Structure formats: C-alpha cells, structure tokens
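Consider the two complexes below, in which subunit A is the common component and subunit B and subunit C are the respective partners.
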Partner chain A sequence: MVAFLRRLAGHLVRGVVMIWIVTTFTFVLIRLMPGDPVQTQYEKLLSQGVSPDQARAQVQVTYGFVPHGSWLSQYGDYLWKLLHLDLGTSVSAQGVSVTTEVMGALKWTVGLVLAGTLLSFVIGVLLGVVAAMRREGHVGSVLSLLGSLLHGIPQYVMALVLVTFLTVKVKAFSTGPVDGLLDPGFNGPYLASIVSHAVLPAVAFALSSFGGYLLTMKSSVVSVLGDDFILASELRGIKPSIVFRYVARNALLPLFTVLALSLGFMIGGAVFIEHAFNYSGMGAMLIDSIGNRDYSEMSGAFLLITVAVILANIAADLLYSVVDPRVRREGAGA
Partner chain B sequence: MSAIDMPVAGPAVVPARRTGFWRNLWTVLRRKPSRMAGAAIVALFVLSGVVGPWLYPDNLPRDNDLILAGPSLAHPLGTDFEGTDVLALLITGSRYVLVAAVVAALIMVVIGTGFGLYSGYRRGFSDSVLMRITDFVLTIPGFPLLLVLSTVWKFSSALQMGLVLGITGWGGLARSVRSATLSLRERGFVEAARGLGMPTRRIVTAELLPNIAPYVAMNLLIGVTTFIYSQVGLFYLGVLPFKSNNWGVMIQLAVTNGVTQTGDGLGYLMAPLVAILLLTLGVVLLVDALDEVFNPRLREE
Partner chain C sequence: MKRRALAGLTAVGTLAALLGTAGCTDSSESSSDVFTAIQTNIDANAPINPYNQSTNSFQGYNAMKLGWPKNSLTDANAFYPGLAASWTETPDHLKLTIKLQPNAKWSDGKPVTADDVKTSAAMSFSQGGGAFAVAPGAAGGVGAVKVLDPKTIEFDQSPGSSNNSFLRNVLNMWVIPKSVYGPQMPANIWDLIATATDPKASDKAQSAAQSKIQALGKKLVEYGPKKDVSAGPFVLERVNPGEAVLVKNKYFFAADKIAPSKVVLKNYSGNEQIWNYLISGDLDAAIYTATPTNVRKKILARQGNTMISGFSPVAASLAFNQSVKPLNDVHVRRALAYLIDRKLTTRIGESVGGTPAQTTTGLISDAAKAWIGQDAVDKLNQYPHDLAKAEAELKKAGMHKSGGKWIQADGKPFTLNLQVPNGFSDWIAGGKSIASQLTDVGIATEVKTSADYATYLSEIAEGKYELGFWLTALGPATYDAYARLYGPSNGWNQFGANVRHSPAGKNGNWMGGAETATVPGLGTVNPGELTNQLAQSDPAQQKQIIAKLAKYSNDQLPAIQLWDYTNIQFVNTTRFTHFPANDSDVLRLYPGTWMQLGYIKKK
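Showing the complex of A and B:
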C-alpha cells in the first residue's frame, strides 16, 4: 500500500511538472505569434473608443495578463489565473469563459470516444482471438493484414469515406451539430437526434482503431498459448472451455494498458473525425480556435487534451498493478 | 555465409546478418506474391515522387468544360473544380509529401537511435535525464501539438515540415532502442568486447548498432507512412497556408468545394485517400518481408 501511494505521488508530481511545462509553452507561443494577438486586441479596443484602462482590463480577462507588462509579470499573472482554473475568456464567443467552452466540448468528445473505444475494443479482442486461433490458415492472415491496414490508415480516410458514402450517397445519417431547436435534456427526440449524429462518428472511430487491438490481442493470445501452464492444463484433460478462460484472462492483460492509454490520447485524437462529421467536440474546438485566431481558447483546449493524456498514463500504470498481481507483488517487494 | 543464431532476449533484438541483405530480401520477396506487390507499390510511389513533377508542366492545363468530371479516357481519375486532371495533381503532389516524410523519418531515426543507444548503454544519470525527456515527448499529444505549432510556424517548405515532424516524433523509437540496448549490453559478445578493452565508441557502432539496425530500418519505413498521414492531415484541416499542390491540399479543396456534400467529383476526393491506402498496404507488405529477412527464425514457420 505504501509502495502504491509512493508511486501515485511520484506520478502526480511528474504530471504537475508536465502541465507546468505545457502551460509555459503555450504562454510563450502566444507571445511569439506574428502580430502579437494580445497587443492587437488592445489596439482594436482602443480604436473602438474604449478607454485604455477598460481595454487593459478586457485584455486581462481574455488572456489572463495585461498588455505592456514585462514578460515576467505577465507570466506570473497567467500562472496565478491558471491555478484558479481560470483559462481566460473566448475571443470568438465574447464573454464566455474558456473553461465553460472547453467543458461543453469535452462532454461530446468523451461520449464519442467512450462509445467508439468500447466498440473497437470488443471487435478487436474478438477478431484477435480468432486470428490467433486460425493463425496457420487464410482466415488468420487475412485478419492480420486487415488489422495492420486499418491500424495503419489515418482516421480521416475512414471518416471521409464514410461521410461521403453514407450521408451523401445514402442519406442514412445526419451530420452537423445537434438541432438547437430541440429541447435539450433527457427526452426522446433530443436523445434520438444525438444518437443519429453520433453513430457514424463512433463507427468511424471504431473502424479506424480496432486494428490495433486486434494485433495486440493476437500476439498476446499466441504468446499465452505457448506457455507451459496451458500445455499442462491440456495434458491434464481440463475442458477446452476452461483452458480458453485461462488463455483469455492472461491474454487480456496487456490490452488493458493499451485501452487506458488510448482513452487519454483519444480526447485529442478524434480531431479528424470531429472535423469530418462537424461534431462539436474538443478536436473541432481546437481547429476552430486556430482558424478564428482565438488563442486563449486554443491554449485551453490544448492544455485539457494534454492533461487527459497525463491522467490516462497514470491510470494505465496503476490499473496494470491492480489487474496483474505479479506487478503488484514486485512493487511491494521493492 | 552462415550467421550464428544467438538466443534472442527481446522482440527487437535479432542477430545481425552482415552479408547478403539484398539477396535475402529478394528470396523472401519471391516467397509470397503479396510481398512482391508491396515492394512494387512502394517503388511506384518513390518513382512518382522522384520523377513525377518533371513529367508535367509547372502549371497544369485546365479544361474549363470538364469541372469535377468523372473518370474518362483523357482523365483516368476525373478532374478537379478547375478542370485539372486529378492523376496529374496526384503525381505532382506526391513529392512534397514524400520528401517531408522521408526527412522526418530520417530525423526520427537519428535522434531516436542516438538517444536510445546512449541511454541504454551508459545508463545512470544521463539515462534518466534522457528518458524523462523522452517521456515528455511521448506524452505531449503529437497531432494537437502540430496544430498549435502551425499558428506560429507555417511550414513553408517540405524540409521545414519534415524537420518539425521529426523533432516531435522520435519518442517511441528512443524508448524501444533503449530497451533493446539494455538487453544487448548484458549479452556475451558485448561483454567479451568490453573485456577485450574495445573503446565504447567501437562497441556501440560495431557491436550494438548492427543488431538494432533491422528494427530501426522497419521503423524508418513505418515512420514515413505516419509522417505522411500527419502532414496530409494538417493540410486537410486547412490550418496551413499552401503555395503548391499536395495530397493534403487536394483533400481540403475537395471538401471545401463540396465533394462530400454533393458527391460530384468523387475521384478528386478519393484519389489522395486511395493513394494513402495503397501506400499503407505497400509498406505493411514490405515490412512483413523485411521482418523475415532480419529475423530468420520466422522462416521455419
């Protein structure tokens, strides 16, 4: 238990350091931008007849620091605001705080990613077992090739092919934001609308990511099948169904790590799918903020995407020690 | 020429075969027609990247009567929204993408192998510092980082694009080269070399590097495809200004000109997508062949 807590503490310290580096990076980046956006906003406000004091206050609300200050004092202001989870306000949606915007986009992405990942995990694991069992024959080699290929191609290929053929040629699904006229909440039409908008992105997501699970599961099953204890159980005449259970439990272990890691990366990794399907999640928000030159929103979105990866890394490491008793015992001994 | 097969500790560590690489490759390629196809596909893309742009005039001819047309004899893949031949666009657009990807993959290999070898062989303090840096590079989500970087850096040439892709993408390779080095340095022949008093530089270059090279070579090939995806993705999302044509620009223009909405000019949208698919297929098949050349134990199965 002490070892576990020490590990957790180490992870958290490293995570905080990383977050600090990332925030520093985005701060420097915004100051380095051609045509200094901070200065630009300040001058634009002045030219609109706003008094210098008000303009300065307005800029501070947007970016978290005042124009004209020294870099150091600006940096201090910026970090101080961040500590209070204040990411500034959005430029494109005036007056809305970036935190609100980011959280709004996050729920859509999490929904999409969870559905897509679960789907691809299940497909990948099942096909991976089949590929491992039939690895000598054609079924196995076809599945392996399919896995490598789907694992290889980028998500936008899948997304664009599905968008073009399923929403244009066959008008089966709708794209774009969920209809704003519907009453949001837990009611039939609203939920149905969400489902019809999210099914295709989730399927595109699953199709472009199950290949990785398939390949990992296949090699994992093959290596477990070669273990002595499997041979021993077969020799002792244990029922195949029970032997299969032994295999499955051991072979699934590496998959959990992959699963946890991919969940972290997917918060920012669904960029293409969200863009292609016009789905208003984190990735689409990041792209829009770059297009709109809305840099406080951009750094907020990027920060959240990075935090997701850091958290998933910690979760993956801790999860592994929970599901695999061998790691736990080694950890306790060390 | 028989190489001595030594017991293998890690998946990445295979005994070095210093002779007959090309002959082995040829034998292995011939064993399966799919591998020949893979090699042919990759060769085709390399050819189109090298000589492609010389086959066409700098300003591609436009046919104003055929806008977003379907495939025909004159235009095998159809035309774009200005009436330009899609096949010509595809071939002339391949150079930027391929040059940037190859540059990026080379940078990735140099940094990743260098860091991994040094870290794994030296161990100690510099190892933990280098691995902290590697973890950092691995944790920062790569594609969002490129998106954010695109706000200050416009990647105006293929070389610059390759540089940025390579510098942000070497983490995984460094990690696996390091773990391969860690297991190699404990093996008999490395210990013998140390015992004989060989200088470290020679141990690393003559004993360790040849054993890691096959793994690195396969990563180079896979790296090229991943870097192609990232840059095509950046152009597709439209965050970069573009001066010349490339696959990503084609996808972006096809989408902004409504191909995904109307379905007209499908060839224009699909050509770069299918090119990416084909190239992936080619590389997957070729990597399968390389795997067998470098890892002779696979041949028995």
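Showing the complex of A and C:
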C-alpha cells in the first residue's frame, strides 16, 4: 500500500510538472498564432453581409475582453488565476467564464465519445478475438480486411457519409442540437432526443475507431495462443471456455492501455465528428475559439485536454499493476 | 447462441429505430406555427444582453433597435421604423428628434419610454464607438441626449462635426429596458459621459472619466438579466446548446402582424450546416448563404424551398500591395486588369452569388450607376479582356516577353503569388482561375492559401502578401465603400474630422498606395481626403466626390473589382408564405424584422 501511495505521489508530481510545461507551451503557442480577434470578427461579419456600421457596433465591445499587456504580465496573470482554478473570461462570449463555457461543452462531448469509445472497444475486442480464432478461414480474413479498411477511413469522412445518407437522404436521425421545443430535464422525450442526436455521432466514432482495436486484439490473441500455458491448459483437458478466458484476459492487457489513453484523448478527439453533425461539444467549441482567436477559451480547452490525457496516463499506469499481477511483482521486486 | 445473437440484434435495431424516430419527430416540424431559422453564435451560457457579442438577444426577435436599415443603393440613412415610429433630422445633421411607437411595451407590460432610450444611449456610450465614442470632438459623436416627453427624445451631434452617419448610428442603437439596466449604472453616469467627451475638461479629468466608463462598459456588457424583458415580437423562452426557443410577445406593439407562436433558432458555424438543414427542409428561412451550384440544386429539390435574391453592396476584389515591385507601377496593375477575364473568373469562383463587375469604380456596379449615372460609368476604362492592351501596358512598365514569359526591366521574370484564405471556396476557385489565366500569358502565378481567415487578415495587414482577395464597395454608405480602398489599409487614418496619411508598412497601411496621384481630367488627387469628405457631405456633394473617386480608382487601380455579390437566401413555403420578394430592401434584415414589417404569414 505504501509503495502504491509512493508511486501515486510520484505520478502526481510529475503530472503537475507536465501540466505546467504544456500550459506554458500552449500559452506561448496560442499567442504566436497570427490574427486579431476584433479584426477577425469585424471582417467575418462583413463577409456574412452585415453592413460596416452594424459590424463596427457589434465588435466594439470585444476589444475590452482581449488580453492586453506584455506576454509576461499576461502569463503571470494567467498562472495566478489558474492557481485559483479560474480559467479567465471568454473573448467571444463576453462576461462568460471559460470554465462555464468549457464545462457546458464538456458534458456533451464526454457522453458522446465515451459511448463511441466503449462501443468501438467492445466491437473491436469481440471481432478481434473471432478474427484470431478463425484466422485461417474466410471469416478471419474478412474481419482483418474490414478492420484495416475502417481504420483507414478518417473520422470526418465517416461522419459525412453517415450525415448524407442517414440525416439528409433518409431522415432516420437528426443532426444539430437537442430539440429545443422539448422541456429540458429528466423526461422521456427530452432524453430520447438527446440520445437520438448522439447515436449517429457515436456510431461514426465507433465505426472509424473499432478497426484499430480489432487489429490489435487479433494480433494480441494470436500471440497469446502461441504461449506455452495455453498449450499446457489444452493438454490438461481444461474446458475450451476456460481456455478462452485465459486467452482473453492476457490478450486484453495491451488494449487496456490503449483504451485508457483513448479515454484521455476523448475530450478533444471528436472535433471533426462534432463539426459534421453540428454537435455542440468541446470540438465545436475548440474550432470556434480558434477561428475567433479567443485566447482564453483556447487555453482553457487545451488545458482540459492536457489534464485529461495526463490523468488517463497515470490511471493506466496504476491500474495496469492491478490487472496484471506480473507488473505488481516486478514493482515490488524493484 | 444464434438465437441470443438474433435477439440482441433485434433489440439494438428496435432501439435504433425508436431513437431514430424520436429524432425525426422534431416538434418544429409537427407544429405548423413554429418558425425555424438559423443564427450564428448561439451560446447557452451567454447573457440576454444585445450589447454582448455572443448574446441571447436576437436581432429582430427579442432585441430591438430604433430603426431597421433598408438595403438601399444610395441612401445609407434610409430606415424602416423599429421602436422609433418616426424621426426628423435637421439638414446639417446636428439635431435628431425621435418619436417612439405609441403602443410599444416591454414583455413585462411596462411601456417603452424615452427614458429607456436614454438609458440605452448611456449603455452605448459605455461600449464606445460610432456616434457614442467617448472621446472629445469625435466625428459624428452624440453631444447631448434630451428627453422631451415620455415618447419623444432628442439627440444632438457634438459641436465641430456635421457627420451624415449621425442618424444611422443613433437609429442602429439597441434599446434596452431602464428598469433592468438602470440599476446597474451609477447615478452620475451622464456626468461621467459629459466630462469624458468635453473638449474643455482637463486631460486628467477626461482620462479618469474615460477609464471609469470603460470599466463600467465591461461590467454592463457582461450583465444579463435572469429573465428576458423584450420589446420585440418574441421573448426568449430557453436556450439549449445550439438552439434557442422564443415565444410570441403578447405586448409587442404590432403583435397582430406576427404569425408564428414560437421561433426556433438553430445555431450554425459553417455553411455546410445550413446546407444540410435546408436540404432536409428543416428551415423556414436561412439568411445569406453561400452555395455552390450543386448544393443549390439539392436545396431547391426539397419541396417548398425557394430562393430569393437581391443586391448585396459588397464586391470581391483583387487588392495590390503597391509597395512591392512591379505592382507599384500602375501600368502593371492595368495590364493585370486587362489580362483577367472577369466573366470567366466569376463563373468559376461565384457562379451562383456573383455578377461580374462592369469595371473598377470602388462601388458595386448598380450603386456606381445610381450615383454618377450609366454614362459616366460607361466612359470609364472598362478593362475588357484584351491581351494586346495588356501587352502594351507591360511594355510601358519596361517589361518584355522572352520564351513565352514576361521579363521585368531588371531581367527577373515577372511572377506573382496570389493569396487566399482557407475556407473561402469562392475566392480559392476564383484565385485558381486567375492564376491559370495569368500563367497562360507568361506571368507564372501561384495560389497560396492561408491557414484561416484570422491568419489571412493578420498577414495581409503586415504586408506579407503582394496580391490577395479583399472585400470592397461595402455599402450603402459611400464613406464605408471608399474607406476600404482609401482608409487605414491604404494609410489614411481619421483624427477627429480630419485624416492623416501614414507611409506603407506603418499604422496598418498594407496597400501602400501613393498619398496623391495625378489623374487625367482630375489633376492631383488625395483620395483619402476625398473619402473623408464623403462622411460630411450631403448627397449632391457626395455625387461630385464619388465621380472623382470612381475615376481615380478606375485609373489608379488600388484593386481590381472582380464580381459584385448577390444576396442569396432560401425560404420554405410549406408552412409559411408571404416572404419578401427578390430585390426587396429588407433582405439584409432578419426574419424577425420581416415579421414586424408585415411579412411571413401562416399557410
């Protein structure tokens, strides 16, 4: 237990240092991006057909929310606020705290990507096992081919195909936000609307991701099937279902790390899918904030993604020792 | 095992079908009196405050102005009544008296009064800019606001300027309820404004007052009432991420004209999202939407979808960085104008929403004709696609052709980089067409793409591009149109009622044009000075100035006008009818304002 806590403390210290380094790096990177939020908003309004008078009036207020001063003073101010868990105020949504903006978008993304990731993991693992067990036959070949093919199709292409066929040509699903005419809350129609708007993006996510899990699982299972303990189990006449459990538990270990990291990346990982489905999550917020040169929102979003990835890494590292006794023993031995 | 798998698949299929059905049965489709439109920047966390850039007060629906600008070719001060029923302005633009709608009420039942408008003016001062600049002697600034009676208010222009933008800047003001915003303002707000804008006040007092107003402005713009208090035809009911729902305001002064009981505004951040909604038949109206031909066909194939179009006082131009050789030579610019086939470029770049520019005047073709007459426009150089004339101009610039390529006087080949921003499909396609046309005649031209529009604007302002697309002819105010060519981007900055010219590379001057140039028939002209005069001239004087500026622009070519934009909008007549017709002067307004003006009826 003491060793575990010591490891945890070490991970956390390293994590905080990593967060500080990445935060500093993104702070500088964001400010190196060319573009002025006020000018960009003004010209965008002009390109949307708004008259110069109205565009001027609309963007006038933005200037007061753009961070001013030297980079050093801005950085000091940013870190000080960060220590107080204050991510600052949005430039494009004046007066709204970045925390509110980020949290508002985060809940939609987490639901979507969590569902998509778990779906792709389950499908990928199951089909990966089948592909490995039937690797000599047509089934194995077809599954491997399918995995490679889907793994190679970018998420945004998959999303556009689904949008075109299932929301435009055949109106089986809706894109965009949850139906605003429904009373928000814990009621059937509203929940159904939430799910129905998230199903297709989640499916797009799963379809474009499960190929990776399938191929990794297949190769892992094939590798485990060749291990001596499987042969020994078979020779001892252990039931095939139990042998299958041995195989699955051992073959799953590499995928466990991949899954943990995927969960860490999920916060910023659905940018293209959210854009294609007009889904109001972190991806959409990130794209808007970059387009608007909203430094505060960009910093907040990047920070959250960084923290999520680092925490997922730590969790994967710690939990790996729980699921794999060999790692635990090696750790104790060291 | 097989049976279990089959049962599982059936369950998944049933669930998907149920969810799919739930997704399809949007209430917006089942309720015939719910009007669905689009809006950008919908943010569930944003305040219900029209002064906020990302607001949940939506123009024409639950956010009201004193007046609504008409889409006019020549009159930037043409307005439809909003909360102002009528107004009179003295000929010198110094005094503006506004009468409010007699029956105007807020959604809480209280009447809209002149005090509300005065509070709105204080709010506008706290945000600055336009007629409400918090600076002494600002051109066209408000000098005094007087409540004459509960329904009448007077605005005086500050002494020292007689700016013709005064009326439109005041009428464009958002009107907010005093009962909600008044308590957020200090009691001495008008004393602060008076000190901050008084030329006789000491610098210290002015600066202190300006700082206080600036701090107040930030606080006020962040403020959002918990409940919407609207003087418009609708009141905000709720905002979900990406969608706002508004209900009809029974207290609206023209409630009898409003057909829908509810309005749903769907958020969009890109044209593709609007296209999908339109192709699915989800929208009753979509404001200005850029559409390629194939997309337009799909949209119009949906039952009830109809296109309406009108002029847009915006032109796409190819602007030069005139501090870069050989583009500093007017003969080279003229040669390029002869070499670029504007009809071909428009057909490739903006076949749906563009009309080839007749020639370069600084105004869109129709506005130029309306201001200075068809004859005067026809007498200008039309720059037809003419290779011989282009060749003659290039030779005047000291160039010669060798091996099929144009060579400059210093022996270097004449090549060009044409910059376009990523995401502007019409500019990219048009740019590629131009590059191909120029390369074919011996001027190797490469199209380069900036990462996004923000990067493009930043880098063009830094003078990093030699040739790039630029929106020009922004009307209807002629000052705004010519300020695109002879404003800050070309070195002229306003100081009070005057302008000063900065050299290329300084103070945002990336076009690098000469401060003056001699034009046959005009003599030596300072186009920045003339442009500035447009802001303070009556229509007759403007006509004379425009004649000079059009001739100057046509001769000196700081930019080549390629096409005039057409305002393309889509409406669906399945649920509602009586939309504005083609070329209506309300096409730059939102559907909420159309309803106020008597458009949009239930089918």
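By definition in this document, the second predicted complex is superposed on the first by the 286 of 334 C-alpha atoms of A that agree within 3 Å, B and C clash if a C-alpha of one lies under 4 Å from a C-alpha of the other, contacts with A are read in each partner's own complex, and residues count from 1 in each chain.
In this text, a residue touches a chain if its C-beta (ideal position, glycine included) is under 8 Å from a C-beta of that chain, and two chains touch if they have at least 3 such contacts.
Remember, predicted model here, so these are calculated numbers, not experimental data.
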item	value
Contacts of A:163 with subunit B and subunit C, given as first, second, both or neither	both
Contacts of A:3 with subunit B and subunit C, given as first, second, both or neither	neither
Which of subunit B and subunit C A:275 touches, first, second, both or neither	both
Which superposed partner A:146 touches (first subunit B, second subunit C, both, neither)	neither
Contacts of A:298 with subunit B and subunit C, given as first, second, both or neither	first
Of subunit B and subunit C, the chain that contacts the larger number of subunit A residues	C
Which of subunit B and subunit C A:154 touches, first, second, both or neither	first
Partner chain(s) touched by A:47 [first = subunit B, second = subunit C, both, neither]	second
Partner chain in contact with A:60 - subunit B first, subunit C second, else both or neither	second
Contacts of A:287 with subunit B and subunit C, given as first, second, both or neither	both
Contact residues common to both interfaces of subunit A (with subunit B and with subunit C)	33-34, 163, 167-168, 275-276, 287, 290-291, 293
List of subunit C residues in touch with subunit A within their complex	16, 18-20, 22-24, 26-28, 31, 34, 40-41, 43-47, 51-54, 69, 76, 127-130, 165, 168-169, 172, 214, 217-218, 221-224, 238-245, 262, 264, 266-270, 272-273, 276-277, 279-280, 287-288, 312-314, 424, 452-455, 457-459, 461-462, 471, 474-477, 480, 483, 565, 567, 588
Subunit B residues touching subunit A - in the complex, by the definition given at the top	34, 135-136, 139-141, 143-145, 147-152, 225, 229, 232-233, 236-239, 251, 255, 259-263, 266, 269-270, 273, 276-277, 280-281, 283-284
Subunit A residues touching subunit C - in the complex, by the definition given at the top	33-37, 39-41, 43-44, 46-54, 56-62, 64-65, 89-90, 92-96, 100-101, 104-105, 108, 163, 167-168, 171-182, 184, 189, 192-193, 195-197, 199, 275-276, 278-280, 284, 287-288, 290-293
Parts of subunit A lying in touch with subunit B, wherever the complex brings them together	14, 18, 21-22, 26, 29, 32-34, 145, 148-149, 152-154, 156-157, 160-161, 163-164, 167-169, 265, 268-269, 271-272, 275-276, 283, 286-287, 290-291, 293, 295, 298-299, 301-302, 305-306, 309-310, 313
